[in-house]
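Okay, so subunit A shows up in both of these, paired with subunit B first and subunit C after.
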Partner chain A sequence: MAGLSIKNINKRFGETEVLKGVSLDIADGEFVSLVGPSGCGKSTLLRIIAGLEEQTSGDVQIGGASVAGQRAADRNLSMVFQSYALYPHLSVGENIAVPLRMRRMNTLQRLPLLGGVMPGKTRRAEEIAKEVTHAAEILEIAHLLDRKPGQLSGGQRQRVALGRALVRDPAAFLLDEPLSNLDAKLRVQTRAEIAQLHRQLKATFVYVTHDQVEAMTMSDRIAVMMGGRILQCAAPETVYDDPDRIEVAEFIGSPKINLLPVELSETGQVHLLGEPLSLTTGRRTKAVGSLGLRPEALFLTDSNAPLRGQIVHTENLGSELFVQVEVNGLGSRITFRTTPDKRASLAQGATVGLDFDADKALIFDAIGARVRDTHSTTTSKTEVA
Partner chain B sequence: MTRDWWKHLLLILGVIVVIAPFYMMVSYSFKSPGEIDRGEGGFFGRQELMVDERCVVRRDPSRADITAAAPRFPGQNDRDIRDALVAEAETDCSMRPVVFNYTMAFTEAPLLRYLMNGIIVTASIFLIQVVVALPAAYALAKLKFWGRDAVFALVLFCLLIPVHAIALPLYILLAKLGLTNTYAALVVPWTISVFGIFLMRQFFMTVPDDLIDAARMDGMSEFAIVWRVMLPTAIPALLAFAIFSIVAHWNDYFWPRIVVTGNRDLFTPPLGLREFKGGGDGSFFGPMMATATVIVTPLIVAFMLAQRRFIEGITLSGMK
Partner chain C sequence: MSLADGVPHEAVVEKTVSHNVKERRAAWILTGPALILMVVILLAPILVASLLSFTNYSLGNSGFDWVGFRNYEKLFTRSTYAKMFVATLTYVVTVVPISVGLGLGAALLINSLGRFREVYKTIYFLPVMATLLAMAIAWEFMLHPSIGMINRTLEMGCGTFLERIWSFMANGCAGHFPVWLGDKRYAIWVISFIGIWQGFGFNMVLYLAGLTGVHRELYHAAEMDGARSAWERFRLVTWPALGPTTVFVVTISCIRAFQVFDTIEAFWPQGGGPNKSTYVMMFAIFEKGVQQNLIGIGSAITMVFLAFVMFLTLIQRWLVERKVHY
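Take a look at the complex of A and B:
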């Protein structure tokens, strides 16, 4: 086990700059997710950490020591691939044993037939078999050891890939979208199992995904990447509640955050659709910006609603109800969350008034940076049924 | 079905064209020379006892033989003894045509030696071709290096060069090196198969990069990846290549004929057929066809065994 440290990594593929000065410190035993839309450079970063790709500039350190120029094999990292990448001609047990065989046996001992008579082979083979069985038991695939990968289901293959990664006690685990080939139900289940595995092994995990739900549910910290940069790296709740940039706020959260155009006046007052909101910021310059409201920050109100509009669509998820409202004077939809028991009063086409919790409102300036030190100017309103 | 009858007819005609020479070959290998000349006897011939004239001639009794045999024929003169001995020889030398043909095939020429040479040569060629082609194909398919596309273009270009165009320079090269009339002359010119490199490269392109990266993470060197990961996944393609390569070199007459000039110990099976080429006393079609049958049988058996995987390998594009 060891921590990882990524220092100012740049990567170019010809003319395109994929990574632009990425730095990240990952503590020993930490679970960090790299999350971002496809093409943001998260997989490239993982491959650079693994040693499968070489950075144009910058440095990667594992356990405090630079691994510049080291082959992937010598970095003592394990990787789980999206396609699982199991050796199709080897059984499950042999697949899991490969990393151990490559490290503990010499070339002669690995020879197909001759290897059997080499000194020390039997003892090593027994050691390896024991560790393979142990890893298989952790992942509950001990009964599959003799099968070929072709005979396994997606979920089982995924476990074998995990088994091959964890059998050799690496400095860190690198996982490249390991759940994206599983069906939705299995994904939820495996998500919990990987988190459990992390707690059990107390190992360093770097997890690449484009699915913010996976990142939110499993990680100690999330690094949100976009356009070759890490925009924010913080605990999941911080990234959700307190995003540094508008792109982060937009990417994290489902349904997406509502963004409304606002004007900021010299006094710090925030105006929406020309009307002043009960919200001020510390910024004393006139500017345009965006008001970010999570669906759960909005609530229905009758009196004095700053937002009014017609219901155009409702989605009932059983435990909660998401309602899309076409806001008057705005020409765009916003989504708010409520409980399903309100459904009767929320018929399609009905006009509703919406207010929001000023404490949960997020203000961003024209270039998308967060404007902090916002203050609510009134006492909070009560939700009206 | 009825609409497709003409397709079947066409296929049947094709089959006949392909099968006919084989039919003739096998049939001739069963028949006596007379039946072959007269074109009678059906597929198997009548299998009547025939007398091997050359065998009788070889046993023509000498003066000493007659004297030695005299006690067996008391009271007869030398002429009668001689006739009796010739008659004996004729009975001993008479056999069924099929036995005659196949015995001739193996005794007249050292056919077993030729078959052995064929195995040595084709196996060496194929093994070295694989040893060269797999790493080359892997590098061309999966490694990034300066000039890769140019090298691959060269491979494609080499595919266009017919063997016969470079046979003479090759022969001169081997002759100057003093390698003619050696196994090396039969093997070395074929060891780098651009077709093999091309075929395996195309197959390797379909192998996911993740698999190779996983092998690297597991601690394999690039050579280990070639032999431990790529080779096992490429078995169907390799089998297809094996059939192309082995058939081509087992049946090759042209090249061995050029580089093996004197030494009959180096003859490959097709060169063995020359032994029965018509001389002063006419061609021995029966034994010749028996030899041909013996030569192609290993190939046919091998193809039958590998048939399924062979077709799998040829239709590579269909697999994922």
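Take a look at the complex of A and C:
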């Protein structure tokens, strides 16, 4: 086990710059997710760490030592691929044994027929078989060891791929969207199992996904990547509650965060649709910006509602109800969360008033950077005016 | 639908029965033409040939006698036919492994190229496209003992160091270089060489197609698993993935090798090379059945030929189903 350190990695494919100065430190035993939309460079970054791709500039360190010029086979990393990449002609047991055979047996001992009579082969083979069985027991696939990958379901194949990764003791595990070929139910189950595996092995995990839910539920830290850069790398709660940039706020969270255009005045007062809100920022210049409100930050209110509009759509998820409201004077929809027992009063077309929790309001400036230091003012509108 | 509509139960049963009969009839009518064609074009000739192999029939004769297994007895006792089997098997055993190996090697090399792939592919495929009969004439000129390009080139080596290190060269310079097509020691190998030259491009194209089906991520997985050398990656990923292609390529090459005929007919139209050393089965069938009008013995060779090919096909089926399908 070892920590990883990525220092100022750049990657170009011809004219296109895929990674633009990415730096990231991953502690020993940490679970870090690289999350972002497709094409953001997250898989390329993982492949550079693995050594399957070479960076244009920058350095990768494993356990404090640079691996520049070292090929993937020598970096002692394990990788789980999106397609699982199991060898179709080998049984499950043989698949899991491949990394051990490749590292512990020499070319002669691996020969199909001659290998059997080479000295030391039997002892090594027994050792390997023991470790394969152990790995298979951890993943509960011991009963599948004699089958071929073609005879397994997607979930079982995924476990075999995990087994092949954990059978030796690598410096770190690299996982490239390992759950994206599974159905929704299995994905939720396997998610928990991978997190459990991480706790059990106490190993370093780097997990690439485009699914923010996977990233949120499994990781110690999330690195949100967009356009070849890491926009923010922090604990899941921090990324959700305290995003640095508007892109991060938009990407993390489902349903998506509501963004409303606001104006910031010289006094720091925030105005929405020309009306002052009970919210000020530390910034004392006149500017336009966005107000970000998560669906759970909004609540229904009757009087003095800063936002009014008609209900256009409701989604009942059983435990919670998401309501889309077409806001008057704004021409766009916002979504808020409520409990399903309010459903009766929330008919389509009904006019509702909405207020929000000022502590949970996120203000972003015109270029999308977070404007911090916001304060809620309990004073009423008339006094401020 | 039935009882509610007031239709009696029996009527419904009758209706479904007649419906079934109609469906079956339609099925026979639709498959009939294909079945008839298959029997008339493919199965009947084989059946006729197998019957004729037990007779002494000649084309033009009004009748024939049943001779039992006498034709087959001749096949397995006379020295001419022993030479036929030796020549055929020598050719097959030489040409198949080498042309498959070269095909695979060329395909792997071409597949690793970034540029000029198409150029190489076309060049290697040229001999496959060319008519072997026409090519045979070109080869005949090149192999001519005195004015042929090959012996002329070899003569250029006389007087150099090659004479000292290569006894073949020394002997050639002292006396004369081989009469390639007229020497029973060389004839079958020359034919084999031309067979390989002509056939490996075809195998290469099949292997290139097979290589496109190898999953790229498997190479990355192999690298992560510690497969450092190209040979290890080949053993772990490429070769197993090419299993179905290999079975097909080997079978096709075998059948093509058994069928070798045009080079031999072009070089030695009078009968199977020096001392019958290149008297292959296809040529024997042609000579007996067509040139000498001995339909009975010709049919018998055909049946043995068919048995060989059938045997190969069955092995292929077995391998495909049992070993190389994952």
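Keep in mind that, in the parts below, the second predicted complex is superposed on the first by the 378 of 385 C-alpha atoms of A that agree within 3 Å, B and C clash if a C-alpha of one lies under 4 Å from a C-alpha of the other, contacts with A are read in each partner's own complex, and residues count from 1 in each chain.
As a convention for this text, contacts are C-beta pairs under 8 Å (C-beta built on N, C-alpha and C of every residue); 3 or more make two chains touch, one makes a residue touch a chain.
None of the values given here were measured: they were computed from a predicted structure.
*Asks:* Answer with clash or fit: subunit B and subunit C placed together on subunit A by superposition.
*Replies:* clash
*Asks:* Per the contact definition in the header, classify A:78: touching subunit B only (first), subunit C only (second), both, or neither.
*Replies:* It touches subunit B and subunit C both.
*Asks:* Under the stated touch criterion, which partner chain does A:148 make contact with: subunit B (first), subunit C (second), both, or neither?
*Replies:* second
*Asks:* Output check: A:98 vs subunit B and subunit C. Expected answer is one of first, second, both, neither. What do you get?
*Replies:* It touches subunit B and subunit C both.
*Asks:* Subunit C clashes with which stretch of subunit B: 62-70, 80-88 or 224-232?
*Replies:* Among 62-70, 80-88 or 224-232, only one stretch of subunit B overlaps subunit C, namely 224-232.
*Asks:* Can you pull the subunit A residues that subunit B and subunit C both touch?
*Replies:* Subunit A residues touching both partners: 47, 50-52, 71-73, 77-79, 81-83, 85-90, 98-99, 102-103, 164.
*Asks:* Along subunit A, where are the residues that touch subunit C in the complex?
*Replies:* 47, 50-52, 71-74, 77-79, 81-83, 85-90, 98-99, 102-103, 107, 110, 148-150, 164
*Asks:* Applying the document's contact rule, which stretches of subunit A touch subunit B when the two form their complex?
*Replies:* 47, 50-52, 71-73, 77-79, 81-90, 98-99, 102-103, 164
*Asks:* Please output the residues of subunit C touching subunit A within their complex, sorted ascending.
*Replies:* The touching residues are 215, 217-218, 220-228, 231-232, 235-237, 240-241, 243, 324, 326.
*Asks:* Quick check on the complex: what are the subunit B residues that touch subunit A?
*Replies:* Subunit B residues touching subunit A: 208, 210-211, 213-221, 224, 229, 232-233, 235.
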